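Notes follow the structure.
Chain nomenclature is as follows: A, B, C, D, E and F, assigned in order of appearance, with residue numbering initiated at 1 for each chain independently.
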Amino acid sequence: MIRAVYPGTFDPMTNGHLDILTRAADLFDEIIVAVADDNNKQTLFTPAERLALIEEEVNGQPKIKVMTFCGLTVEFARRQGARTLIRGLRAMSDYEYELQLAMMNKKFAPEIETIFLMAQVKYSFVSSSAIKWASRLEGRIEDFVPAGVERALREKYRLQAPR
Amino acid sequence: MIRAVYPGTFDPMTNGHLDILTRAADLFDEIIVAVADDNNKQTLFTPAERLALIEEEVNGQPKIKVMTFCGLTVEFARRQGARTLIRGLRAMSDYEYELQLAMMNKKFAPEIETIFLMAQVKYSFVSSSAIKWASRLEGRIEDFVPAGVERALREKYRLQAPR
Amino acid sequence: MIRAVYPGTFDPMTNGHLDILTRAADLFDEIIVAVADDNNKQTLFTPAERLALIEEEVNGQPKIKVMTFCGLTVEFARRQGARTLIRGLRAMSDYEYELQLAMMNKKFAPEIETIFLMAQVKYSFVSSSAIKWASRLEGRIEDFVPAGVERALREKYRLQAPR
Amino acid sequence: MIRAVYPGTFDPMTNGHLDILTRAADLFDEIIVAVADDNNKQTLFTPAERLALIEEEVNGQPKIKVMTFCGLTVEFARRQGARTLIRGLRAMSDYEYELQLAMMNKKFAPEIETIFLMAQVKYSFVSSSAIKWASRLEGRIEDFVPAGVERALREKYRLQAPR
Amino acid sequence: MIRAVYPGTFDPMTNGHLDILTRAADLFDEIIVAVADDNNKQTLFTPAERLALIEEEVNGQPKIKVMTFCGLTVEFARRQGARTLIRGLRAMSDYEYELQLAMMNKKFAPEIETIFLMAQVKYSFVSSSAIKWASRLEGRIEDFVPAGVERALREKYRLQAPR
Amino acid sequence: MIRAVYPGTFDPMTNGHLDILTRAADLFDEIIVAVADDNNKQTLFTPAERLALIEEEVNGQPKIKVMTFCGLTVEFARRQGARTLIRGLRAMSDYEYELQLAMMNKKFAPEIETIFLMAQVKYSFVSSSAIKWASRLEGRIEDFVPAGVERALREKYRLQAPR
């Protein structure tokens, strides 16, 4: 059985993430969505909130598990017995950042392979930070995120800055 | 009459911005310089200061108006009855960021068109943040910004860190 | 009246070109599609064929004219009394090439302005050369080019390499 | 059983290709190395020669088959019952070209997934064309290609330009 | 005698920095490693700590001096009688940032030349920030930094977040 | 005495090349401009013509020699007793190509160092191929090349295509 880890911050999950996840699930026997819990990185949602928003979407898909993790991604993958990491590439993502990360990871854990899937064209410009920016300014983001995430973003910003 | 919006943070306006603005004024009947008032973004100058520094330069040009705005740029453009956004591209600007922004905007307001003008070669490496960095370190920036901006930067940094 | 020139090789025109053209027609009073006739550049279609394929699509739109030209684009624009060039930018186009071209043109004709429009997301990976490559290998290209172009490509390759 | 296709021109195969192939063989049950036979593309080696040079290296690995193919890669994959394409990414490869190709392929065959593996750091600047250039100028390329390829290149250039 | 300045934040120095420094020492008669003391930039190590970590490595090399500096790099170079700045370029560095900086510097001090050396392939993905990130997450960084830096990082993070 | 080699095709030399050469002459005791004589590469000017056009400009500068060479650049440098190669970088050059080349060269001749100088802003979009393209279409190129090169280009194209 081939188990793969799909790591990220997912602050919050977008339809782009969901699309990568669904396609990766066709290639592997089990996927662990690994939500980074890094207290040096400022996030809008807590790790538990980010995990819950993902679980709401993948609920009932037996191949997909969602977990939070601390520390190096490759160490988490090792502990889970996974030898593959999955990363999405957008036409407009910071490609160099992804390669740098993959090369560091290869150095830390040579036996773990990173595979990249390409975002669909229609999600090629969607990122978590763009979604947060647009949501904060009351842009209509319902084509870019699941309904649960859209609701959560609305609540989050209403709490912070009610209008 | 074709009205266009030239949005930005303008913290502060540079000669590069001014050059784009002047050239855009040849193409359209009216240009609204739209100064973003986004309290989630840290700026050196307040929205009112940034607006004043621009107005000092474009004063007396009947085609050009300067305003501040909150919220999505495309919503502001709609309220002003403008169907065109203007953006400058530098040889060394973050092109991908500009395209991502334009694609989000197209999604939010399909009827609004973004047009890009290219910075002149001599301004291709000038950005507001580079200007602030150089000014703070007492570099001579008078070729890159209007005199009023140069003065305002000097005052701003003198206040913060007198020497 | 503002007249703009939309120059290119158009070997052949794609839906991406057509989309840029349609949107530019909203911004200007008259658009001249300028088909480059450069005998140093190898093309699949002759200048006359490329012009005809465009005319077939824009037929009846009074704002749009199609012409072929030799020599520098800016000289052609000058002769036509146009002060604006239009270029499309794709997320995956050679951005640097476009800027280099625009800077050379600015040097040759400072009074002529180049404006860039961004390709729609769905055309962001469509180029004339990709279309020719796919068509030659019998890929289905009907979503990327007008019907007339699709037919012309099929005939062109049938003549060269009948199967 | 998951079967994947690793397509390319392989003119000639480098150690970078071989490394991607070896690592992909860990992820899939069967890999078909697909050597493009495209008579519109000028190559140094014939399709048969390129196939033989690969076979010499992968000989005896039961999971790996080598074949030549004409036409679209995704059509070849379909005929072979494969739903996955493998592509290598180098730090200095033309990333945009790979994405454009993947997007076209996704359009032609939505059910086929392209996965990308990253070249090892030490091969990040190795390409078939750089190898040919260096070999032609009598550079020492033995760290970058298998011994058989090095021999074949020497013979090829000796025939063309004996010294 | 040709004196060159190798400026940077060095927070902390990596083996990549050390490699550039060693190679630059072959080209010039004297190198001043210039550690930027910019209190607007958040660093993990103080200027004095960063200087000490470099000195520990270059100790005894008569051609190399280490100093901290405030203000513009080119002004520091002038005061030291140096007419050359040295910068490293990584395959995956922000090339545009380096060029922008070099162009600003050229404007501020036309008589000072910036020369770029390319990082070795094996260091092409190593940056101070990646090192800090990996160290904080307890990754093994001993191949990327001198032993003294590795020890200093361990102490720094133990103080902040003992485990 | 430090001797450096400035290699290139120089088909033809531009003011950008000349500027790099002049600045490099401040850094080294002797510069050999090395004109590549590679019969696999199509050039407009013969190696002898390219050499003559450079010599016309650098005539009388005792530090600068001009030579043609075949084979690998690093082998030529070795034969000349030079340990440094000089390359220019333009804001819009193919940076990746330069790094790939430098990495191959480092592999072939570890003792030879490549240093990069940055083109001046005003030459950042000038390349030999852009010059040839503009000259062929009768663009005014006198700001971008020495007078001798401008004359040679005019003659070359008049011979090929008199008007």
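Going forward, contacts are C-beta pairs under 8 Å (C-beta built on N, C-alpha and C of every residue); 3 or more make two chains touch, one makes a residue touch a chain.
Owing to the predicted nature of the structure, the values given are computational and were not obtained by experimental measurement.
Engineer: Which chain has its C-alpha centroid farthest away from the centroid of chain E?
Structural biologist: C
Engineer: Measuring centre to centre with CA averages, how many angstrom lie between chain E and chain F?
Structural biologist: Distance between chain centres: 31 Å.
Engineer: What is the distance in Å between the mean C-alpha positions of chain D and chain E?
Structural biologist: Comparing mean C-alpha positions, chain E is 39 Å from chain D.
Engineer: Suppose each chain is reduced to the average of its Cα coordinates; what separation in Å results between chain B and chain D?
Structural biologist: That pair's centroid distance is 48 Å.
Engineer: Got the chain D residues that touch at least 2 other chains?
Structural biologist: 91-92, 96, 99, 103, 121, 125
Engineer: Which of the chains are touching one another, listed as pairs?
Structural biologist: The complete list of chain pairs in contact reads A-B, A-C, A-D, A-E, B-C, B-E, B-F, C-D, C-F, D-E, D-F, E-F.
Engineer: Which part of chain F faces chain C closely enough to touch in the complex?
Structural biologist: Against chain C, chain F makes touches at 92, 125, 127, 130, 134, 136-140, 143.
Engineer: Can you name the residues of chain E that touch chain F in the complex?
Structural biologist: 2, 23, 26-27, 83-84, 89, 91, 95-96, 99, 102-103, 106, 113-118, 120-121
Engineer: Which positions of chain B touch chain F when the two form their complex?
Structural biologist: Chain B reaches chain F through residues 91-92, 121-122, 124-125.
Engineer: Flag every residue of chain B that touches chain A in the complex, lowest number first.
Structural biologist: Chain B reaches chain A through residues 38, 40, 70-72, 75, 96, 99-100, 103-104, 107-108.
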